[in-house]
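Next come two complexes built around subunit A: one with subunit B, the other with subunit C.
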Partner chain A sequence: MDLLLGAVVLGVLLGCFYAAVSVGLSVSFGLLDVPHVAHPAFLVLASYGVYQLNESYDIDPLLAGLIITPLFFLFGLLAYRVYYETFERRGSDAGVRGIAFFFGIAFIIEVLIIMQFGVDQRSVTATYIGKSWRFGEFRIPIRQLVAFAVALGLTVLLAVYLSKTFMGRAIRAVAQDEEALRLMGANPVRIKQFAFGIATAVLGIAGALLIIVAPVEPTLDRAYIGRTFCVVVMAGLGSISGTLIAAIILGVAESIVLTMFGASWAPAISFAMLLGVLAVRPQGLLGR
Partner chain B sequence: MNKRSHSIAFWAGVAVFLVAVLAMTQIVRNEYPFFAGYVILQFIALAVAWSILGGYAGYVNFGTNAFFGVGVYTAVSLFKATGAPLVVQIAVAGLIGMLLGFAVGLLTLRMRGIFFSIATIALAIIIETCVMNWRFVGGAAGIQLQRPPVMAPFDSYVKMLFFVQAVLAVIAVVISRYIQNSRIGRGLQALRDDELAAECTGVPTLKLKLVACMISGALISAAGAPAAMYLQYADPSSAFNLNYSVSALAMALIGGTAHWIGPVLGAILLGSTQQLLAVTISSEVNVLVLGIMLVLFVVGAPKGIIGLLRPRYRLRAGGKP
Partner chain C sequence: MKRRTFLGGAMAAAVAGRATGALAQQPPIKIGMSMPQTGGLAGGGKASLLGIEIWRDDINAKGGLLGRKVELIVYDDKSSASETPAIYSKLVDVDKVDLLFAPYATVPTAPIMPFVKQRGLLLMGNFSFQVNSKVGHDMWFNNAPWGPADSWASSFIDLAQKAGGKNMALLAADQEFAQNLALTARDVAKKRNLPVVFDQSYPPNTVEFASIIRALKATKPDIVYVASYPPDSAGILRAVNEIGIGDDVKVFGGGMVGLQFAAVMSNLGSLLNGVVNYNTWLPEQSMYHAGTKEFFEVYTKRAVEAKVDPLGYYLAPYGYATGQMIEAAVNATKSLDQKGLAKYLRENEHKTIVGPIVFAADGEWKESATVQAQFRGVVDKDVEQFRKPGKQVILYPDKLKTGTLISPFEAARK
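Right after this comes the complex of A and B.
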């Protein structure tokens, strides 16, 4: 019983971390309808940026994540511009070619990382990595607690931003009815571009969390395609609070399977859940 | 040219190709061309088969690796359990690929766009995980295979596999060409352009998608069946490698999906470039080239190589003007 309880606690921590890595996708795919399969590749890229800063200048990984965040914001602005000019404006076939486009980007990022850093796993050093707290029977690694706290903060912050600020509301409005916004004199493309920038910027911190939780390798993004899309689809497209709930469900499910059946079955959990949701309730748990 | 002389030219081309391949296995002594050629032929089969669902119907299947891996492991388990010959392995792999295609179709074909694509990735990972936990075929560590003695008229197993893969590629092309020119192909193109409109005008969209999914799946699994013998080794992470999915899709998109010749051209171009690079530089560069070409073509030449050629050669394209 204690084993199960421990699995649930660790699952909740893991789940909040999954929310942080998925929340950007919830904006870009959920709200803006961009089939952004390269989202996890950008995430891993951010982790390597954090690794580089940590390795060369001994900067704390979280601070390093904060440092690369503006860079990722610009990156996102640029990526959306290219996507808009080549696919959305032409209109035809945006879906098929858009997915292919982002898969191409993901592959390019993977190889560039391999060429720069090699295929070995990389990890960061910080005072809170390697220690753990004991609670009676089970131990909780402090790195997980740090990731949990930051992830929760990040997700809540983004949710508040999207619901309370003027720009956040504009982003949600553009997701609902682009044409109406255009008639009111706003420029939907500018708003979407800004939103995509934010969705990418979040990955700076999320990438730091990724490498704090565990070492990273160049092809790690493939495992996260399933997890991030699972969370976003299960949440109901574009729902930020749903993202947190869906991510915790996924985290707990993964953690329990890991404890009960072993690591070899874990990779399929997120995908099996995703398939189940798609087949039974495609609009997600908290769908619009 | 009219339709009839087109047809005669096509079948003559097929005959010449197969005779040339057979002659090559008898004349050429060096084994390397057959190793490289096998991979290119395998990619032709995969790209053409992918295009039946992905190109004609516009349903982007990212689970090519699932069908491929199922082909590999059908062959491995059959060979290990009964020592079945290659032809039987391929036939059974094709059959199981077809059944899998039917199951995938039933489960996912009501999903549109990226949801369908993501669901096919999901299926691939789930099947891979099951194979990883399947002791009989070696689990995650993989399994070594001893090739059986080679059959006449071939003097090495690789030459035989090369010929077999050429036949599989031809079968894929013949089926793809038949579909393109038949009612099925026109129906698929109609639903690709506007599924709702197609449904309303009486096109049996779900049935057509199921048929396309089954044929495409059968061809991909059949093309994957000889891979275990080619490598003399099989393990889940290479048999189910996502690279197969992206390669098949990239080759079809780069060649162009409006006509069956597109995936063939794309596979030859990308496949031979990759073979060249793998020898001269490294396999990482392969993936980089794949990614860059995919992005460049998707952005710069949405209709692929045949889209670039068509103004000059006026290729007869089914579907869009």
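Right after this comes the complex of A and C.
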């Protein structure tokens, strides 16, 4: 029983971390319909940025994540503009061509990281990494608690931003009916570009969490591509609160399987759950 | 000078000149290989390649092999088993290489074994584990100090049983190398009636090991044998540090790949203390042979430029030693005939910078020289500390031993 309870607690923490690394994709893919398969590569790039600041200036990883956030916002604006000019504007963004564009970006990022940092694993130091809180026999890694708290805050903040602010509502509007927004005099391309910037900026913090939770290496994005897309689709495209719920469900399920049934089954869990959810609710857990 | 003498001298000079020119014009000897330069095995692959490149430069500085320069043709296999069959076909059929070296590690090597056997090609192995056990290729020479298949696991279990271990937990990555290692550990445990209380494989891309370590801890094992790959080893040790592994554990480690690399060791720092893990070369006096010191002087300089593992203990000297064995075989047989070279390699002892090497009939080292060493007194964020002796105390084999085991694991971590 203790083992099961422990698995659930660790699963919730892991799930919130999954939410943090997926929430940007929920905006870019879920709301904007951009086939952003380079999302995990952006995430790994952010974690290397955090690593650089931590290594060179001994800056706390979370603070380093905040520092690179504006840079990632600008990077997101640029990336979307390139994508828009080369694909969306010409109407060739559909299907495999858009995916190929982002795959290309992901490979370029991977190679650039290898050229700059080499292929070895990199990790950061902070007072909360490598320690745990004890509750009797039960121990919780503090880095996971930090990831949990920051991830929860980040997701809630983004959900509030998208539902309460003018720009947030504009982003939701462009996702629902781009043409209607255009008729009202707004520029949907600029709104989408801004939204993509937000989705990328979020990765500054998510990248910090990634390297806090575990060491990173240049090809780590491949490990996250399945999980992040699974969370976003299972949540219901564009639903931020759904992303949090789906990620926690995934984290708890993975943790229970790892603890109780054997680690070999864990990778199958995310996709089995995705198929199950889509079979019952094709629009996802909180999709419309 | 008499006219005849002058003419004779002129003719000799002309012949010598033509001969030198002919040698210079001879095509290079091409040695082909794939090597992981991206992906999870890239850290090791790059260091291994640098070791081979240092040998190539040394041999070319000495005039090459059979008077021909040595050229390496290398492709990145991305640490993937799916890449290597096509790469080795290309090396043989398109690039027409003269000799083949295997890529670093078991996973990329295993799929090319049927190919080299079918074509009757000599293949110099590079730290694979038991890839020839089912194929039975007689021109395979694995330059790795593993020795007989079960010696790796039995050396670790020996140490643990002597420390009072009565049962074992087994945690292995779900891939070729780790599964082979786990298999031999199960066999050794069975032979010794050692109960295996936890036996799990985890898939590649496992993000968080806290849940697995909790499940392992719940079985209260005395011995924890871990066969992990580089991306996972750090995650496992971190989780062990945070979740704890229990006071019963006498010895922890065994087959963790990654704890031999400078970046990983430096990142983990004091978390390494107490872990007993395998290694292939350590800066202890007993491990120096002719040329070892000089090799590491060159390696240390070039590793910085190449952004490769700055220590290079694990693979790089073995890459150089593989070149030394080929050099000896080619010079002795004065040919590139693969069967002749294989015969020479099989029948002779080879003096290398990692010590004398004798191959058994299955192409593995006849005797194990795999070291089991315990991390001691490691501090955080200091890669230079690993250049000094004493940070990894050698417990096995006896001929290289530099200390005794500190057990239980929790006591050794302090």
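Assume the second predicted complex is superposed on the first by the 268 of 288 C-alpha atoms of A that agree within 3 Å, B and C clash if a C-alpha of one lies under 4 Å from a C-alpha of the other, contacts with A are read in each partner's own complex, and residues count from 1 in each chain.
FYI, a residue touches a chain if its C-beta (ideal position, glycine included) is under 8 Å from a C-beta of that chain, and two chains touch if they have at least 3 such contacts.
Fair warning: this is a prediction, and the values are worked out from it, not measured in the lab.
Contacts of A:Ser132 after superposition: subunit C is touched, whereas subunit B is not reached. Of the two partner chains placed by superposition, only subunit B is touched by A:Ile105; subunit C is not.
In the overlay built on the shared chain, the residue A:Asp221 is in contact with neither subunit B nor subunit C. By the touch criterion defined above, A:Val233 reaches subunit B but does not reach subunit C.
By the touch criterion stated above, A:Leu274 is placed in contact with subunit B alone, subunit C being left untouched. By the touch criterion defined above, A:Thr86 reaches subunit B but does not reach subunit C.
Within the superposed three-chain model, A:Ser264 lies in touch with subunit B and with subunit C [touch as defined at top]. In the superposition on chain A, contact of A:Asp60 is made with neither subunit B nor subunit C.
In the superposition on chain A, A:Ile114 contacts both subunit B and subunit C.
Applying the stated touch rule to the two superposed structures, the overlap between the subunit B and subunit C interfaces on subunit A comprises residues 110, 114, 222, 264, 267. Across the interface of their complex, subunit C is touched by residues 3, 6-7, 10-11, 14, 110, 114, 118-123, 125, 130-132, 139-144, 213-215, 217-220, 222-223, 254-255, 258-260, 262-264, 266-267 of subunit A. For subunit B in complex with subunit A, the touching residues are 54, 58, 60, 62, 107-108, 111, 113-115, 117-119, 121-123, 125-126, 128-130, 132-133, 140, 242, 246, 249-250, 253, 284-285, 287-288, 290-292, 294-295, 298-299, 302.
Against subunit A, in their complex, subunit C makes its touches with residues 37-40, 42-43, 46, 174, 200-203, 205-208, 210-212, 214-215, 218, 230-231, 234-235, 238-239, 241-244, 258, 261-264, 267, 271, 307-309, 380-381.
If you check the complex, the residues on subunit A that touch subunit B are 29, 35, 37, 82, 86, 90, 92-93, 95-97, 99-101, 103-108, 110-112, 114-115, 222, 225-226, 229, 233, 264-265, 267-268, 271-272, 274-275, 278-279, 282.
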